[in-house]
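Below are two complexes that have subunit A in common, paired first with subunit B and then with subunit C.
Our next item is the complex of A and B:
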């Protein structure tokens, strides 16, 4: 069997997943300018919410997915309201916010592990009955196809929202200079709250998709987040297109890297890429 | 009694880690989250030499320090290009890369199987199989490291570090080569972490990569932020508090899996509360 088409396909799927995380992360970073390490945990929240609502409560899958997305968004909104907003009002440094988000991530990850145990779980009912498609000799599952489509749709909607709506204009104004935005009468705290909701909801949705594709575990958030952050930075942090570019670059490099090395080197490859970029091109590919 | 000695040994190890990390974060103002990597280097050096050769604990301790010095020199040179939260992100990366090396360098580290059967130190006729004797050794090393750290920060070298933390440009204008100062303190701190690692490996007699993950670096960070940055006594206090606090959970009688997660949750919540209400910790002299 020729391995190349499958490798390319896997890279594209990984790229799409990283794109989704990077989109949410970049969206929030653009407005707040700090590394929100608790962002990845929203994926776990979304995934576990769907697990709970379908397997324990017994709700319809689509209802559960909507509830999961909403829950992830609400948790992100709550984090901003009760932790980041008070800190921002006190003019806390970026590092204080970073450490606070680290605490939030650790606490929520542990909470999920307590509630659902740290064992690996899958959202699909019967593994192995997924529809498979063959594209240029590579195999792709139905879920993976949905991941690809979602990444494209969400990215397009985010761009439309940012550049065509009043809300998007406000977000971009805050991203340029929060203080000036406030002076001209934009309710910056309200807008940032909404940004947190949307960004977190996107990541929650990503977590659900991953849950259907491979499965969920409490620690999935940190790993995803780091990939999302790396994608954002190598692409150009705070820039939507940059994040997408970085995500696909990362996806390809990781998958082609483990072609020759063992799979456990994946994370090391990602971080090595990050460090190379931090040294030679700290502003990313798309230089703002 | 045996249990108290066990806790005291753990406390000594974490106090060493806290004091040494405080040199970098508290005094030089560099948010490093890679301390567990150097801790692991010390632990693995001791583990490998004690199981594969008969050079003895103290020689392996020195070798561990030497390797940590070389690696921290290389990492420090790269990190010296970064500032603020990018610095933190870079250190994340190095922790992940070194963790991947522990996990994948199978013929040396045995990967995720870990290294069992590490022997206790041998010196004259002292029996270090006895935990009380081991505790005395750990405390002696802690005292040595505490006082050498105090010597470093009270020297003119330490004053320059604090000046760099407050305003790097200003101190550079006076003709100080700030790169050299930051690099040196990073190396000193890494060497001390390696000592803690050697102690840990020899005490527990078994190590595997999971003890040296990013989460461990975050735990050490919690210790020094809780105790207070730029205060060495604070780090000792922080280690004492965070080693003892979760022991209360043990008496409540949770199953061990849940207890470990509860511990993580406590650490996370402690970080959030500190950032919100007391960013300088118990007795800190510097805020992030």
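Our next item is the complex of A and C:
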């Protein structure tokens, strides 16, 4: 295991994980213009759903993964339908929506802890028996390879969907101006509901992948969300490409930063980067 | 009887009634207060993780304390245990301690871990409540009211270094979660290693809550460590061990205390480590009979701590309920106490020392290799 290729690989893997969270987060932010703090919990919902369907119900792993993704999407859709949409209809401010999302996140996190306990769990059958691949002297596991491929495929799919489909045009129209979009006949609430479903499902899938790679715990979503939000802000919040760029920049800086610094500085590096961007380039690398 | 005689007799009768009532009331109050003192139990609070990753350890300590309470016979006082869950979170430890002191009015608090002990010890000292920590950090024993009962780092490191030397290991790598207990172990280890030819070739620190250790693992690549010492709690410990193996590193891993803090001990199959010495067979048999499980790490300490508090309380010669100050004072006088972890002495710094042993995970279970 050579250190440089390994650090590059680790940075790419971290970047891919942050990308997946930032993609879902940015997709929802682009349409709604508020920081949905409950977004991170979708990762835990996806992970715990797979844990429940495979270990308790005994379903096939692939069926459980599909159900986990669908459940995360449905919970996201439900949040919009029953909490955010009524608030939007009452012309609630983004601050009110943010606080509501914080409440939703806390409640769902507590519910998961009650149902499954706070104890750390793994989705893999036999820990430490993953297939390993060597790339230019660096080692990568099978799950990490899937994370990389998933990030690439999901990003490409989102871009195609946004720029080549009628639905994507509607999302972009809402992103530009929701009021005008409604006037020209776009069913904005329905489109935003679908955006919540897709964005949440992506993060649910991310949680499942992390569950296979490392493991799951009820609070996993908050840390992921923080990194996803940092990636989004430094890349350009609401911008799909910006989120990806920010995610990889964050992944590289974190992993190369602790090459020479102690590992305890990893989170400090991420937040220092965020502060630098908030001061000098608050709109991120790619202005929308 | 004339009118004035009647008045005098009436006044005397009233006085007699008042006097009888007064003396009866005094006697009643005294009786009630005496009774209250005699039935008011000595309250012992326990702060440990009862939910979360380390709940199994909190449960083990609680079961041992309940067992010790059930075994308590012919004592002057009743003893009541109140359990508070802190999930091994310092903020929750502080609020649990404040609740035990101000609401439950406990006389003593038992804490688990150096993290919790470091938070609760100053609160206990300020409120003049006895605190006994199942912790390795000597700071937890600072003050008149604070004590610890654990195998101290100096003893663990003595056994650890002897085992490294026996195995001919001269290059040691360390992965260290940032926590007071781990810091105390490493500080003492560095000190003791100065007298040997063993060198720490890499020391990687990380924050608790970290799940991606791959880059710090990659940094150790050129270290030529012959064994890696992992100082972490669950789940970081398991994730770290898993990622070390996934990185293709086959170097042996070891720990001080860590492996028995994990519920996935199969991850450490065949690896040796240093831990507190085995509890006595009598305690183990009783614990197994009560819970159906082997004692978890810290359970025997909990059992001993409860019995030490009882012994100190019973030794107070006053007829009224002993104060925490008196209990603390009596604790410092205890010598040659027959505990679940052998013969115990409370040293002047409030540290109750027990021995360390080299252990190994064999067929998924911890077994003692050398005492």
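As a working rule, the second predicted complex is superposed on the first by the 286 of 288 C-alpha atoms of A that agree within 3 Å, B and C clash if a C-alpha of one lies under 4 Å from a C-alpha of the other, contacts with A are read in each partner's own complex, and residues count from 1 in each chain.
In this text, a residue touches a chain if its C-beta (ideal position, glycine included) is under 8 Å from a C-beta of that chain, and two chains touch if they have at least 3 such contacts.
The structure presented is a predicted model; accordingly, all values stated were derived computationally and were not measured.
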Combined model on subunit A where subunit B meets subunit C, clash or fit: clash
Partner chain(s) touched by A:279 [first = subunit B, second = subunit C, both, neither]: first
First (subunit B), second (subunit C), both or neither touched by A:87: first
Which partner reaches more residues of subunit A (counting touched residues only), subunit B or subunit C: B
First (subunit B), second (subunit C), both or neither touched by A:3: second
Touched partner set for A:102, first subunit B, second subunit C, both or neither: first
First, second, both or neither for A:189, with subunit B first and subunit C second: neither
Subunit B versus subunit C as contact partner of A:118, first or second or both or neither: both
Which superposed partner A:110 touches (first subunit B, second subunit C, both, neither): first
Residue range of subunit C overlapping subunit B upon superposition on chain A, of 113-121, 131-139 or 293-301: 113-121
Shared subunit A surface residues [contacts with subunit B and with subunit C]: 113, 117-118, 262, 264, 267
Interfacial residue positions of subunit A with respect to subunit B in the complex: 34-35, 83, 86-87, 92-100, 102-111, 113-114, 117-118, 222, 226, 229, 233, 262, 264-265, 267-268, 270-272, 274-275, 278-279, 282
Partner subunit A, residues of subunit B touching it in the complex: 31, 78, 81-82, 84-86, 88-90, 92-94, 96-97, 99-101, 103-104, 214-215, 218, 221-222, 225, 257-258, 261-265, 267-272, 274-276, 279, 287-288
Subunit C - residues contacting subunit A, complex: 51-53, 55, 87, 178, 204-207, 209-216, 218-219, 221-222, 234-235, 238-239, 241-242, 245-249, 264, 267
Parts of subunit A lying in touch with subunit C, wherever the complex brings them together: 1-3, 6-7, 10, 13-14, 113, 117-120, 127-128, 130, 132, 139, 141, 214-215, 217, 223, 254-255, 258-259, 262-264, 266-267
